[in-house]
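Next, two complexes with chain A in common: one pairs it with chain B, the other with chain C.
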Partner chain A sequence: MRAERELQSPARVVLAVGVSIALAAGVLALFSQDLGSALAQFFLEPFSNRYFLGNYLADAVPLMIAGLGVLIAFRSKNFNLGGEGQLYAGALAAGLIALRVPAGTAPVVVWIWVAVAGALTGAAIGALSGLLKAFWRVSEMISSFLISAIVINVSDFFITGPLQDPASNFQTTRQIVPQFLLPRILAPSKLDVSLGLAIVLILVFMVVAKRTRVGFELRICGENEEFARYCGIPVAAYQVAAMAVSGGLYGLAGALLVIGPQGRVMRGFSSGLGWSAISVALLAQGNEAGVVPAALFIAFLSTGSDHVMMGSGVPSEIISILQAVAMCFISAGALPRFRRRQS
Partner chain B sequence: MLPMTAVRMRGISKRYLPSGVHANDGAELVVERGSIHALVGENGAGKTTLMKILAGLELPDSGDIEVDDKPVRISSPARARALGIGMVHQHFLMFDELSAAENIFFGLEPERRPRILGLLGIVDSVKLTERAMTLAQEYGFAVEPSAPVGTLSISSRQQVEILRQLAGQVRILILDEPTSVLTEQETETLFEKLTDLRRMGRTILLVTHKIDEVMQIADRVTVMRRGKTIGTYDTASISANELACLIMGTTPHGESMLHAAPHAAGPSVLRIEGLSTRRRHQGGTGLSGLAFDVHGGEVLGICALSSNGLDELEDVLAGFLAPTAGTCLFCGHQFDARRFHEYRRLLKEGKIAYLPSDRVRRAVALSLPVMDNFIALDRRMYFARGWIRSALAKRATQEAIRGFDISARAEQTTAELSGGNIQKLAVARLFSKERPELFVLCEPTWGLDIRSAEQVHDRIQRARDAGSAVLLLSSDVDEILRLSDRIMVLYRGKQVALLENAGQVNRALIGEYLLGIRSA
Partner chain C sequence: MSDRAMIFVDILKYTVVAATPLLYASIGGLFSELAGMLNIALEGLMGIGAFFGMAAAGLSHNVFIGAVAAITSAVAASLLMGAVTIRFRANVFIVGLAINLLAGGVTTVLSQRWYHTKAVVAFSLPAPLPAFPAALAQIPFVGPILFSHSVLTVCAWLWAIGAAFIIRNSRHGIRIRATGMNAQAVSVLGYSPDRARVAAMIWSGVGSGLGGFALGLSISAFVPNIVSGRGWIALVAIYLGQKKPLWIAASCLLFAFAESLSNYVQGFSSIPPLLVLALPYAVTLVSLIAAGNKK
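== the complex of A and B ==
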């Protein structure tokens, strides 16, 4: 009986993915004049040349990093809904450093500083929700979401106030000098070396989860808190740590975007990345290795629909609706596994 | 004119499917109109199941029920209510946010507001409160009808539950362990009310395992054991001791005193004085002023019926519940209730090995593989500098599986194991560790078949003989008698006996202490 359900779980994910693709095709059929070319734009164009492929992969990288963070929080049964805020906080910290360092600094040093600062800022915000839960039983879902709402506004204030680029018509900071940006691969696309970092991070987290005491204890905390206490595992510490790691990876994703594709901190640049990362974690089904295909799929949904929007003139609202409905299917398909664990 | 017999249940059998346990096995019950009838028996004797069948909450697999001499089929609580049968549960089923009056009349014809508001289902709360007040006065209950139920004391909430049944014209009122949540004064008040209700012609069925209460208030008493009815007796013609013997039964395994080998008790390992706690949950009993010690090479058996403080004692010894008062001396470390975290550290360091009574919630993580559960307690051994030693972990798990005859594979998800095998896994895990100073074993053979239970008993004795101190918390009197060198009995959170397990100590004597009819 139970084994059956375990088998069902991947099947559900495949079904969710299939349904959302079918749905996308259906919407295209309704709203595009030329269905054949719309389908080609959606399914094939992102892979058709070096530039498109690079941009598509570049969109998947932050999803991998942030999705990994959500997954770690899930594993300890914490739902981090504050991704957007953690992302912006990490980005702002990254921007502050990259814009202020003296021009002669070695780029590698700048990259490391930026990554560490972004991760630590995000981690501090995530840890705050963890602490609120561990000591005052405040739901981490609510606190992370609300804290995020505050952080986004604070970061908007800095971007449009003290850090606003006076020469730009956009609400953005100045451009970061090119030598401090991450080296590109697959030029002229915006893909950079952070792809490698994302893969390495996923591998590291896989090993930690499978082979180390920390990963083992975190899993026990998530599976049965009372059992964890019986084993003498410091449950509260793991709660805080899991939220901190989760926030830290969001912050890192934000920081890498700033010294990568974005090259500056722009108001609203995440465009829902914090939420998409949750879908990535759900699709990955609690498995680090699953984060890569999950991120590639979610990025494909948005890239493919962007191509259709530009190529076939399907209105952007329709594309947004398409993406939202696809997300609904994915969440519905992937979520029961987590709900069951929680009960 | 109504017949004299209010309820007649014949040949009632009920089997709970997942476990296959016969909760009722041909149980019989005859209750006279206008009497207080007690239903007594050990934990798991089938009292509550029989009453749930009468109240329409469970369907029997077989058997006949007659109410007022008419054969009936009680298919739902609504049907039971139509027959005038109502049950007050051990854990009240009420809406905490609603007022007492709203709870009392919930589901009955409501006092609607006139015209449109009434059609919309808006209830006239003033009229409702008045009605509740009248009802409470009629039966002499002191309940504030407009107060939200969540703010009332436990005994007031119980009164609201009883009034709720009375408002529904209940003539046969079932109370499941009503006094387990009450203080002694509150119990007295409840009994006065029940006596009043009997005078008004209601029939009362009282499920309990407290003999003194039966002797005090009931007219007749039916004894159940292992799902069967042993007999029904007039309380006027039976003594408390005879009743205790009937409840406990003659010892089914004979007087097996396995522990008989004389032993030399070593130095004191754990000494506890003045231990008091709050209650762990509604229906529990806080401990008050426990004092005992346990020596190396000794088994101290601690025995109590449910809701008499055994859960609370377990939680203190397990580090889950901080005591409100008391001092503890463990192998030379002394500390008091305020420094309870030091006790937790001892547990963590493995000086105390603890086997939880709740295996599913506390002893394992069901969703993890057997091996993960096996190594979880002794992580210092199975992780070297933070990295797992998988070969060692796997070998140890497989050894334990063989040694304790557990039907499982190391990689299998623990949820797929039967309750007995999960228990064996938890026991095997505990005894695979280095010898700790103290074992705290709670219901160690619960759910095990006889052979596995003997195996566990054998391990406990070997641990004792190797010099460990053993605290055995169990509600199974046979197990306590079999293994303990000394026996302590808890009743309503107090220790009522601390005896050497010598010749004159037997099941009947322990039973009298357990049931509160004898105290030291």
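== the complex of A and C ==
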């Protein structure tokens, strides 16, 4: 046997964060002509004024909401890989409502409808994978991915077909009228009140997890399925519910983007968000409260790389590389020691 | 030949072409599946193989060198995956996901650096080497469907047959299967289950690398997201084929037929193309459910 050193969970997080930042700096050093200014753009510009700070926080909000959902699914050992499609479908449902309601409707009513419709759409799609797992023993990873691929194609059809804005050169729906958009905070940035909703949701899920029977039973399902069955816990119901909650929060995140920063449904706008939410959940290490710093960190990486891309010609896709490296470090259970232990 | 027969022959001919990348990747993935690791990184490994294979082929103007580069790059990535999961005891799904993200990132960043575009990079390559004498391809119906293909396509079938033999008959294949069934028993017998797992990852890399390269060659270009779900479809083919190489090959043909049909229907019908594009995924999903129920 090879000698190993167990990695404690805080050590993994510190390693993952540290290595991905170091790697970001390394990539910048390789690719940019002026390293000093690229580094400044990456690390400082997002915080340099009200506008950039607000936009940065706005990027973190959907990651908090969707990341929370992934975390809940993880806790019951369900791996939802359909986030991209669930987010997109939630956004489309939101767009359909926000574009169709009569102009005189009270905005609060529209927001509630949009949020509920987005969440339910995502939840239905997520629950489908849960059902397939519970009753047909189909891997939820593969089914959620395939369903998501179908959903994305169908949504693209609606966006570029029946809902296409005839006046726009982009593949997008019409703009949603301004009074139905969520109130902004930190104007002129894109940050809106959904930040508050994200925090409230995280608090609610914390209470449910720590203080209720449902939260407790969900945890047991994840830790030992056999034992949970033996205790009479309806494992299949929890599998479906966990996938539904995860899909629902993805859908909600998509819906809030449509009546928030995006203001319309654009083809391909979800690209990457579904995967980033998984990084957030991994970084949070099974802890709801950890979702906030984790989302802020992932959003920082993506905002930072966007700023650098504008400045120094490094494509913003380096964010995927940084996330991949962070994921590996978070998931590693042990660091091998390279000499044998004397025993 | 009537028009309708021509169309039919075309669809079947393209089915064989479209099955090639699926077949390479799913047979590769079969090895890691048998060793007990569901390899969700086939998608990413195919993307890596497609990019580095096409880049090397474009640079050297030599398809063979491209194939070697595709295999080398995908095996390097799958060894990385093996190292992190086996040596560092990380979760194989999370690392698989990470490899998928990494593949998307690396290929796009390098495409931007080398070719200054994140869109289509077209390569002018020598014409693919035909595997059969031209006369055979002239046979009506059967000729174009079976005998008009390149060496790379024929090799995909040899790869499947070879894998069937290795898995069933060789000591190496038996150790990989035994590791998946009972790793402890393998180590009690004095063999290293970790070594079998690493070998399985290498096979996965070879298969998906070549699969990605075949995909690139079929359009003579590289686009980010060129794989677009085929790695996942290859994964489902393993289940639908019940982990038996020849049944997996049949499953690949089924999915390739769906792809070929959807390509054809896109051009010649009033059904919106974006909906038609969802057809291969839908067929895959339905067959995944069918395969799941059988257990």
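Following the convention adopted for this analysis, the second predicted complex is superposed on the first by the 305 of 343 C-alpha atoms of A that agree within 3 Å, B and C clash if a C-alpha of one lies under 4 Å from a C-alpha of the other, contacts with A are read in each partner's own complex, and residues count from 1 in each chain.
The rule we apply is simple: a residue touches a chain if its C-beta (ideal position, glycine included) is under 8 Å from a C-beta of that chain, and two chains touch if they have at least 3 such contacts.
Please read all numbers here as calculations on a predicted model, not as lab measurements.
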Partner chain(s) touched by A:37 [first = chain B, second = chain C, both, neither]: neither
Partner chain in contact with A:232 - chain B first, chain C second, else both or neither: first
Touching partner for A:157 - first (chain B), second (chain C), both, neither: second
In the superposition, chain B vs chain C on chain A residues touched: C
First, second, both or neither for A:175, with chain B first and chain C second: neither
Chain B versus chain C as contact partner of A:223, first or second or both or neither: first
Chain B versus chain C as contact partner of A:214, first or second or both or neither: first
Contact residues of chain A, present in both the chain B and the chain C interface: 2
Chain C to chain A touching residues, read off their complex: 38, 40, 84, 87-91, 93-95, 97-99, 101-102, 104-106, 108-109, 112-113, 118, 229, 232, 235-236, 272, 274-275, 277-278, 281-282, 284-285, 288-289, 292-293, 295
Residue ranges of chain B touching chain A (in the complex, touch as defined): 318, 320, 344, 347-348, 354, 356, 361-368, 372, 376-377, 379, 383, 386-388, 413, 415-416
Sites on chain A touched by chain C in the complex: 2, 4, 31, 79, 81, 132, 136-139, 141-143, 145-147, 149-150, 153-154, 156-157, 160-161, 275, 278, 282, 314-315, 317-321, 323-325, 327-328, 330-336
For the chain A and chain B complex, residues of the former touching the latter: 2-3, 6, 211-214, 216-217, 219-220, 223-224, 226-232, 341
